[in-house]
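First subunit A sits with subunit B, and in the next complex the same chain sits with subunit C.
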Partner chain A sequence: MGDSYQLVIIGAGPGGLCAATTAANLGLDVTVLDEQPSPGGQIYRGISNTPDDRLALLGADYQHGADLVEAFSASKANYWPQTNVWSLNSRRQIGILRHGQASIIQAERVIVASGAMERPVPFLGWTLPGVMYAGAAQILLKTAGVVPANGTVIAGTGPLPLLVAWQYLRAGVSVKAVLEFSPRSNLWRAAPHLPKALVAGDYISRGLKYTLDLNKGGVPIYYGISGLQAQGHDRIEAVEYGWDTLGSSRRETIVTNSLLVHFGVIPRINLTKSAGCHHIWDRGQQCWRPQVDKWGNTNVPGIAVVGDSAGIGGARSAEHSGRLAALEVARSLHTIDTQQRDLQGQEDLKWIGKDLRVRPFLEALYRLPDSLLVPPDDKTLVCRCEEISAGQIRQAVREGHADPDRVKFYLRCGMGPCQGRQCAPAVAQIVAAENLRPVSDYTTFRVRPPIRPLSIAQLANLGRAEE
Partner chain B sequence: MFKRTSELNNNTVTVNIEGEDFQVPVGETVAATVLVHNLGYTRTSPISGAPRAPLCMMGVCFECLMEIDGLPNIQACQVQVAEGMKIRRQQGVGGEDG
Partner chain C sequence: MKADVAIVGGGLMGTSTALHLAMSGQKVIVVEKNSPGRHASGVNAGGLRRLNRDLAEIPLSVVAAQMWQDIYSLVGSDCDVKLSGQVRVAENAADLQKLEERAALVSSLGFDREELIDRDRLYQLVPALAPHCVGGLYTAGDGFARPYHALTAFRLKAESLGVKYRTGCQVTGLERLGNCWRVVTNQAKFDAPILVNCAGAWAGQICAYLDEPVPLKIGAPMMMVTERLPHFLDPVVGAVSRKLSFKQMQNGTVLIGGGYLADHDMEKETTEIDFTKLSESSQTVLALFPRMAEVRIVRTWAGLEAFMPDRIPVIGSSAKHPNVYHAFGFSAHGFQLSPVVGRIMSELILNNKSSLRIEPFSIQRFQS
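Now for the complex of A and B:
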């Protein structure tokens, strides 16, 4: 076995940064593993190197990330950038890939802060070049000031499509349309949660501001959209969608060589699944997440999960949950006692409680209909890597391959380079729908190390690193 | 098709994309660079041969696998450009068998 570390934090977004800063300032020995070249995670990606004009364009929320990075850099936490984690087990052994060298390190305590990813929603034509996630496009804007050259269409649900459209408006990028896929009936389901949501901060007023600015800027926003399709041969040439008004439905087409899609975010659970953490189906968030207590503890001793990787709460809640988990680690290592933990965590618990009050409203407003979760068209490619269609998966279930893992063994669905990250949710949904059972009766694919591809040479050199 | 919002300054490196040299900003990811240089697609599917391009930009979709400095299966969204870097599309599984 390789070197041993007291506290290893996986991820350097708001959750990881705040956990690391808090723990290091309490005197713990902290090592932060980050896939990215600089701290900030996806939400504050590239924050340390963003030129001033781009910072202004991205808005005050993004600039807040600089404060977190500054506090982190001032702490004694060790930072390992461009370090991939390919394994985590219940004994807190972590397989890492750093400077091209694979090794395994031992941690006394682990805080997983690997964040969220955009929810993969398969639709016809989603593999065509020119189709990209809207969050991905935002990463291009944050890190490189790169934007669609000939305009774009933004389609999906949730606050992010609005935010990206608003940022593009300010950057002078033509947004041909924003297509909102939340069913209109969601409004009624969300309305009762509005009073509480208004207490949570300025989430609602910011959403309204973006919408008003987009209206003023001449960007059309269409509501009640369904039936998304990307059309083209070697790349996207047009986007087609259905528009239901007063009982009549019609198809519309917009010519575009760029389509940005976003259907909310879901926790990245590959690491916590491979570590044996217990996961549950979250009905509000429509995704699986690890089960944690208010300090981030999982059922696996010594492994905590914070921020969006423990369930979607957003960047501000991630900061507080990161601090709480760090306090709990310090308590478990006897650096502070229970009383000190509770006292120092008091404010964070209060803030989290307040901040999360917006969630029931957002979850109801942007709740995905079954037609997005379960790809309706048999021809839709669900597994992009192995090119397995929804029809093939349905057929497999009908032949008796009745759970996601059996579908995987039978069809190789989820066995390509992304290892099921892009197809696992939809496969579970299709299996559940075919079996006429709720999706909570199932779990997504079993995850085994290495959870990201390693070359044979890297694995072969593993032993040498330990000598 | 993508473009940069700001002009190139002096802080650039030279990379070679499919045989052609380009000046590109220091710190940019290979995925961002090839999107700006309108490569169209970055890899072909090993199953059908269909063209694919970057999707997630955060390392979870593996659609941006390219051959960088002769090594196949490199996630272009996770690697920053470097002086003299040779960037090629990945055909199928890449490498000798590609």
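Now for the complex of A and C:
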């Protein structure tokens, strides 16, 4: 076994950065592992080396990340960029790959801040070249200034499609349409939560601003869209969708060679699942997440989770949860006492409490209909790696392979190089629907490490981590 | 719920036993605490091997090999069987001498399936092998299958003949009621005149309920699998002086085993991969197949399995109770034997004798 570390933080997004800064400033020995070459996570990707003109393009929210990185850099926390974490077990042994060298390090405490991933939603044609997740497209804009060709269509739910369309508008890229898939009935479900949401800051005013700017820029936003389908032979040629309006429904087609989709984000749970943390189905967020207390503690001693990897709360909330988990680690290592922890965490707890009040509104407003969670068409490809369709999964369930893991054993869906990251939620949803049971009765696939593929030579050379 | 036979354990041994009994018209209930094939039966390496068996197991594995060859007629599925041979590689003169002794021993007992092959033949069979090897022991017609598919095929056939599976039923006690055994579970009670223990890693617990303790140890052999590669390998490759089982599956992935054990937790029924041991396993792969260096491992796992101290199973009737039978403790090489074990159990239960010699597997060997 390799060297021992006092506190290892996995991920350098807002949650990980704030946890690291807080813990290091309290005198703890902190090491931050991150797969990216510079700190910031997905939300503030490449913040420390983004040119000023692009910063202006991306807006003030993005620039806030620079402050976090600055505080982190000023602290004594060790920072290991371009470090892949390929395993985490219940004894806090962490498999890492750094400078091509695989090793296992032992941590006294672990804070997982691995963030969120875009919710994978399989639909007909989603694997055609030219179809891309909008968040991934946004990363290209942040890191390389890359934008899609003119005439892209952006489809999905939630604030991100609007934000991405707004950013493209400012970058001079034409957007043919924004298709909003949240059912109209969501408005009525969300309305009761609105008063509380208004208290919680500027989420809603920003959403309105994007909408107004898009209208001014001539980008049509269509609401009440369903039945998304990408069409084409070798690559996408058109987007087809259903449009329910005034009680009638009709199919529409937009000719385009680029479709960006986004259906919200879900926690990345591979690491916490492989460490044996207990996970629960979150009805509001429509995803599985690790069960944590307000300090980020999981059921596994010494492993805490913060930020979006503990449940979607957004970037600002991640900062506060990162600080709280760092305070709790310091308390558990007797660097501070319980009273100091509670006192120093007071403001963060208050902030999270306030911010969380906007969540029920957003969750209700952007709630995904079952038709997006459970692919209705049997021909829809669910597992891209092993080319398994929704129909094959339904058939396997009918043959008695009644849970996601057995479906995986039988069909190999989830056994490809992506490790089931893309198909796990849909498989669980299909299994639940086919068994006429709530999805909360199931879990996603058991995680089989390595989380990231490792070569035979890398594993053969498994050694001690360098200092 | 009543039946002629109650089988504890819905893995391959229990399922094969149920199938053979149902083929003779018996009414069978299989009591399974999770789901069929949840542990060793579903996740093992799927080896179909007569090569290098314990001498006592050879007659069983010979009959089992015949059954696998024609597995379709038994279960209505080919179970993805691929009979491309198994070879045990000698890397030096000392290895080769061991293989020569083994070949002489088995042939003196009248078995002719373990063929000593020279260097040229070895490299014809396994061109990808590192150049230093000197020969091998080869069994043509051995091979592998996909375990969960085989289990599913056995189960579907058994169910079509009336076998009932009760899943999610954890046995909490066994009671004698007149001429019947009562299997008490967390869900329901099952009564049958005949009780069969095929509980795999949990068989020791069943034996404890029967007051017939066995020195069973639980282990969780680890496996790893690579990304898909173009076809480069036919036989399953093992080595005399190394822990290795190396095979390329039909879809191009390479399955690597060798009996390295994971950490396990019997309460939670979970395993935790020990990558330091898999590192050793990777070194072995590189020593014999240097071309694998840049190939990516995409998954590792382990399955909970029962090991006996002498590494051969318990097969036969209870030494303590009438109408109780055992088949467990296959020590990580039971998959190939499963069709014949089902047949033997059905013969024992229905005719009170086995067509093959099973004395070496008696539970009595642990009771003297």
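Everything that follows uses one rule, which is that the second predicted complex is superposed on the first by the 462 of 467 C-alpha atoms of A that agree within 3 Å, B and C clash if a C-alpha of one lies under 4 Å from a C-alpha of the other, contacts with A are read in each partner's own complex, and residues count from 1 in each chain.
Going forward, contacts are C-beta pairs under 8 Å (C-beta built on N, C-alpha and C of every residue); 3 or more make two chains touch, one makes a residue touch a chain.
None of the values given here were measured: they were computed from a predicted structure.
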item	value
First (subunit B), second (subunit C), both or neither touched by A:Ala71	neither
Touching partner for A:Ala149 - first (subunit B), second (subunit C), both, neither	first
Subunit B versus subunit C as contact partner of A:Pro453, first or second or both or neither	both
Partner chain in contact with A:Glu35 - subunit B first, subunit C second, else both or neither	first
Partner chain(s) touched by A:Gly130 [first = subunit B, second = subunit C, both, neither]	first
Partner chain in contact with A:Leu356 - subunit B first, subunit C second, else both or neither	neither
Contacts of A:Arg421 with subunit B and subunit C, given as first, second, both or neither	first
Touching partner for A:Ala238 - first (subunit B), second (subunit C), both, neither	neither
Subunit C versus subunit B, contacts on subunit A by residue	B
Subunit B and subunit C contact sites that coincide on subunit A, given as residue numbers	416-417, 453, 455
Subunit A residues touching subunit B - in the complex, by the definition given at the top	35, 37, 42, 49, 51, 53-54, 82, 117-118, 120, 127, 129-133, 135-137, 139-141, 143-150, 171-172, 234-235, 257-258, 268, 384-387, 416-418, 421-422, 453, 455
Touch list for subunit A against partner subunit C, complex	1, 87, 89-91, 95, 104, 276, 399-403, 406, 409-410, 412, 415-417, 419, 448-450, 453-457, 459-462
List of subunit B residues in touch with subunit A within their complex	1-6, 25, 27-29, 32, 35-36, 40-42, 45, 47-48, 50-63, 65, 73, 78, 80
Interface residues, subunit C side, partner subunit A - complex	35, 37, 42-43, 148-149, 152, 155-156, 225-227, 251, 268, 270, 272-273, 275-276, 278-279, 282-283, 285-286, 292-301
